[in-house]
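These are the structures, in structure tokens.
Here chain A shows up in two complexes: once beside chain B, once beside chain C.
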Partner chain A sequence: MSTHTATVMVVDDEPDVLLSVNQILDANNYRTIKARDGYECLAKLKEEVPDVLLLDIMMPGLTTKELLNEIEKDSRLAGMKIIFLTAIHSLEAEEIGLLNSKRVVDFIEKPFSVRRMLEAVEKAIKLE
Partner chain B sequence: MKVEGEIFNKIIAAIQDIGDIGATMDEISRRVPLERHTLSKYLNQLRADGRISYKQIGRAKLWYVSKAPLQHIFRLSEDEKTYTEKIFSRILSDMPEGILILDFDYNILFMNHYLVALYGNCVGEKFHYAFFGSYNDNDTSGIREVIEGKVEEIETQVEDKEGRIINIKARQVENPDGSFSIIAIIRDVTDRVRNEERIKNLSELHRLLGESVNRSYTIDQLCSTILKNLQDVIGFDMGDILIYDPVEETLSSYSTREGDDEVEDCKRIIAREAIQRKEPFMFSCCSDLNANTNTNTSMDMDELTETMTRMAEEYNLQELHAIPLKTKGEIHGALLIFTRQGKTLSDADRSLLEGISESIAGGIAKIKAEEEWRLKASVIEISSHPIFMTSPGGKFTYVNPAFLKVWGYAEDREVLGRSWSDLWARDDIPALVRERGSWRGSLIAKRRDKSEFTTPLFVSLIIGKKGPLQLVGIANSGIR
Partner chain C sequence: MPPLLLLLYNRARWEMEKVRSIFIVEDDPDMCITLRNILSEEGYTVKTAGSGREALALASEEKYPVCLLDLELPDINGIEVMKHLKAFNPDMCVIIVTTYESKDNAIEALKAGAYHYMYIHNEKPVNRDELLITVKRAYDAYQLQEDKKRVEDELRWSEEKYRSLVQSTGDSVYLVDRNCRYLFMNEQHLSRLGLSREQYLGRPYQAFHTSRESRWFAEKVKHVFDTGTTIQHEYRDENGRCFLKTMSPVRDPETGMVTAVTVVSKDITDLKRTERELMATRDYLNNIIDSSADTITVVDMEGIVRDWNKGAEGVMGYRAEEVIGKSNRKFFLDPEEAERIMEQVQREGVIRNYRTVVLRKDGKPIHISMSASLLRDKNGVPIGTVRVSRDITKEVELERRVKEERDNLNLIFESMVDGVYAISRTYEVEFMNKVLRDEFGDCVGDICYRVFHNRDEPCPLCKLHEVVEKGQTVRWEWHSSRMNKIYDLIETPLKNIDGSISKLTIFRDITARKKAEEEIRKLNRELEMKVVDLQEVTRIKTEFLSITSHELRTPLTPMKAQLQMLREGYKGRLNQRQKDSIELILRNLARLDRLINDILDISRIEMGRIKMAFQVMDLNDAVKEAIKMQEPFARQKGIKLKVQLAELPLIIGDNERLRQVMSNLINNAIKFSPDGAEVIIETSTAHEGENVLFSVTDFGIGISEEGKKKLFLPFSQIDASMSREKGGTGLGLAIAKGIIRAHNGKIWVESAQGKGSSFYFSIPIRQKVREKEVPYICDSN
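Here is the complex of A and B:
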């Protein structure tokens, strides 16, 4: 079993998804931070910069586009990688300009296998 | 009242006795012995009822029985009408519905302003000619049945010679001399009927689109059904749905009317342009290429205009509309709608096309996704590795044929719903997978005949929109 020191922030408004993904990342030796929407995500990003952001699209409150814009403005977050974990189609995300940022390194559509998610996180960390 | 009625009948009989030349007051008084002023009072009452009328000849009045009192009112000049007649005739003339009076031989005796505005002044013409352009009195309006006394009243909806839908309500009106006229109330209900038809067709179209999502339509069935119903709603001349295959970069066409190879090539050029632009555009033979001409064009504008002009000339077309079939950012093809000369699409029609195009794209995307899933599912079906799915708690929800074979079962219903521990020696694996996301190792499996074998196993958790969905496992077919 590998030992990670990387930190992953999971942002999802579905409690069961948030709980399950965090639990799995913890069990796979990642440090995790939870956020239930864009506002909470931004607040927690001010306290700590994770290596990877696992981000849902279409959450209540701040839109994902607005959240990405805020992240782009913050130079502290320049090294943070973003992986979308969402039920919407990648082409739709592309159309609304969510895939333009260089920080976005992967796009995982729900439903997804945990193996796929863990591989994506590991790959994103190696990109650093 | 009874006495008055008898006097009225006597006066009418007296005037009829004199004949068509008209009866003077003296001639009537000889037959109906009343004082002159009393007779005058009764005559005026009968006239007010429209049952008799008079002509002023010098100082004398010649009285006649009104054959058709209703139309008689309209024949009088304004000076000749009583106050009541004036009011009554104005009301009828200016009513927001058509008033038509016919005699028993279909001759139009009166039509009010409403009908004159629609048909011109046709008084004196035959009803079926004025309204239906036919010399034959075998009309479909049903008025014949009223004239022949088969029915007392009819209400019907028919198309007139101009293509208008008119609602006719007609009945007989008996005249004092025993003859009758037909009075009809006629309304132009074209807009209402067309709107009702449009709403009905739209409802049907939306029902079919919904049905196509719930039923296993093929793309072919979806396109032909949608085009047929769309044609009923919009009334276009020719419609095509071209489905784009991004792998092969080809377009397959579903058409209400196929043309020769050259025309089909033109359609493909137009469809490719719509796909490239990702926005609708239209070409009108009277104007030029419209909207979004300066961005994302994939080809030379002259070439595109030339292609569309060629199409328009070939089929005598007025407008060409090209709408990309786009949903969730993905382009699945293009909808092409062509209208013949003289027919243009309204703004409402164009909005409808754009709305429908997204629904069509959604239907196509769903069919494609289902086809893709069936293809992928067939890979699992033919795999020699045992593959299975369970609920997060470990109840079996799917097993492939290889799994059945290795575990010694004949049908999947023998396995589905059973617990993890019925088929595997360790029962803690589902909890481990839920916690860690996946599990890999060797595990003892339990066959149907209670025998056991050890197999390598990989199990992963699948997470959906709302949380953990299923566990998916793959074992090894190599039995040890």
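Here is the complex of A and C:
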């Protein structure tokens, strides 16, 4: 198990998913920040800029599209990569325009494979 | 007294004095009576006076032509009396009556102005003859004197008159002798020459004129002298003014010889100019008239042609000189037209566009349209008619043809089942076809709104204005609540022969059709409602699917994550039996996930909402991936995969979906093959390069005809037990069919029971992504 100093923010409205993903990342030596929805995500992004954002689609409150627009406006977040982790099909996500941004580097469908997720995060961090 | 009255007065006085009166002045009463009796008998009116005073008193009251005067009067000397009498009437003829003894006195009296004298002897009777002759002579002398005076008066008056005329005229008047020397010149001529009376008298014409003018004048004067006739000449002076000179001879009243020439010179410059202008105007008008293509003729009240222009020559073939002065009757096909036209023009003053037929010189009849007006003299008395006619033979022919066509059209209208009618712009029915006549009777000539609609004024919906005034064709539907019917009307302008426009209406009872249409509309509305409902249902279903998909996967996600963590040792080491349990759970979790995915896919396919990520691809790449995915399963069953891939052209397709289809087909083939058997996987181009073809063949149990029919329907594994045995969802082939159809391809199976099956699909070869992909809509089959 390799050591990491990278920070990953996980945004998901489902507590069990949030917990599971954090357990996996923690066990793999990532620093994690948790957010339950878009508003919390934005608030926490003001305090700290993570290397990777693991983002759910279809959450209550702020829509993912609106959240992405806010992120695009903030120049501090220019280096942050986004990986979608969602139960939505990638074609549907594309249809609502979520895959246009260059910072979106991967799309993982739920229920996800742990190995697939860890590979995606590692790959995203290496892109920096 | 004005000269004319004076003249009349003199004449009257002369007439009055023709009653011969005589005045006797004699102091001897016997003698007086004797003289009076003799003269009275002879018819004279006699007045007598016995003394000089009495004589003078009477003479002052009346004028006597002849007086018998005794010189020896008691009161006044006879000669004195005579002088006084002469003062009253200077022409009076005084005959001195005297005795022989006093003859000296008589001579004295003759010297003093007496006319004659007579001796009277006191003892002898008066010589009657001598007396009467003397008196008669005196009378004649008096009358002669009076006549002379009268003639002189008249002459003086006449002279005055002419002098006044000559002086007051605007014309120049002058008198010259044979040598053209001026004898007289009026004021007008003096002022023209700028001379005083003294300067010209006796001087010759050439002293005041150029030699050319003088020569001309001398010639004319000589002519008048030689011929004694009056001549007139126009003459233009050096200033360009024009004169009319009238030169008349003046004759000596006694010899009759020409003694002088009067010249009256009238300035006619303005007259000439006006005349010239008038001529020019007349020429101009004549030119217009002559160049007109219409015939312009003048016919007098007797029907005689007085003028005939070039146009008339062209149209009628007669030259002006052939017809002017002749009756116009012969030009008409019906000669009585001549009288009818004349009568109508006289009655109405003018006629317009009168149509009649005339005959050309060559006998050919031509149709003309004539306008004529009455021509009057300056007192307003009709003197003839001016006629302008146009050859309308061609128009008449055209009209005839139009009418013929109209008749043909009417024949068509007659046989129509639709109602057809025409109305004029004054709402008069001009035509109605049989259908309408059967319903309303023949109403031609009646007013449409009265006969068709039983109204007193035009219908509010009437389209006459649009059609006739604006020339529009109108199609509309008329809902007659009175008759509970609906009519389809086409109303269009119809040009008549005379150029007027009528409205032609064709209409049809469409009540039944409208009711049917209304029925259809109602059904359509209901259908639309249903479609809306259906669309709403679809929308809700799609939303439901999306949510369902999300909601079903959400609990699977932490389950799968936690199980994986357990398996990977995140939560501490596990023994083999624990590991096997977790593998089992994970395997079934994966199956549940596949099932969820398949259900979602087939639902999307059925709703036509399956999404495809089309791109240019090589089908062989997808085949290889699919084989790679199925190789472990084949190995597990000892199946040999025999792969034959031809070189393929590129197609447009969703790589992942096609791989899903092929993986599914290969999986089925392996699944239904006996262990150790062979499965053949092939690709090729088929139908002369239009499609790429994939096939997978197994040598398993095969499929019955009944089975083939159900094969591609959802949840149609040939029987439920097979599903459980073989571990499928029963949705794979239905999804495959949907995906292939979304590629505009075909999927089918060839099979014989007990001998195995071949599954095929073909995809059309295309190398460009269509701009807008039409989503695949699954049909109910």
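The rule is short, and it goes like this: the second predicted complex is superposed on the first by the 128 of 128 C-alpha atoms of A that agree within 3 Å, B and C clash if a C-alpha of one lies under 4 Å from a C-alpha of the other, contacts with A are read in each partner's own complex, and residues count from 1 in each chain.
Rule of thumb we're sticking to: contacts are C-beta pairs under 8 Å (C-beta built on N, C-alpha and C of every residue); 3 or more make two chains touch, one makes a residue touch a chain.
Predicted model only: the values in this text are computed from it and were never measured.
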Combined model on chain A: chain C and chain B, fit or clash: clash
Touching partner for A:M58 - first (chain B), second (chain C), both, neither: second
First (chain B), second (chain C), both or neither touched by A:K110: both
More chain A residues in contact - chain B or chain C: B
Contacts of A:E14 with chain B and chain C, given as first, second, both or neither: both
Which superposed partner A:A93 touches (first chain B, second chain C, both, neither): first
Offending stretch of chain C which, after superposing on A, collides with chain B (from 202-210, 580-588 or 670-678): 580-588
Chain B and chain C contact sites that coincide on chain A, given as residue numbers: 14, 16-17, 19-21, 23-24, 27, 87-89, 91-92, 95, 110-115
Footprint of chain B on chain A - complex, ascending: 14-17, 19-21, 23-24, 27-28, 87-89, 91-96, 110-115, 117-118
Touch list for chain A against partner chain C, complex: 14, 16-17, 19-21, 23-24, 27, 58, 87-89, 91-92, 95, 110-115
Touching residues (chain side chain C, partner chain A) in the complex: 546, 549-550, 553-554, 556-562, 564-565, 568, 570, 589, 593, 611-613
Complex interface listing, chain B residues touching chain A: 328-330, 434-438, 460-470, 472
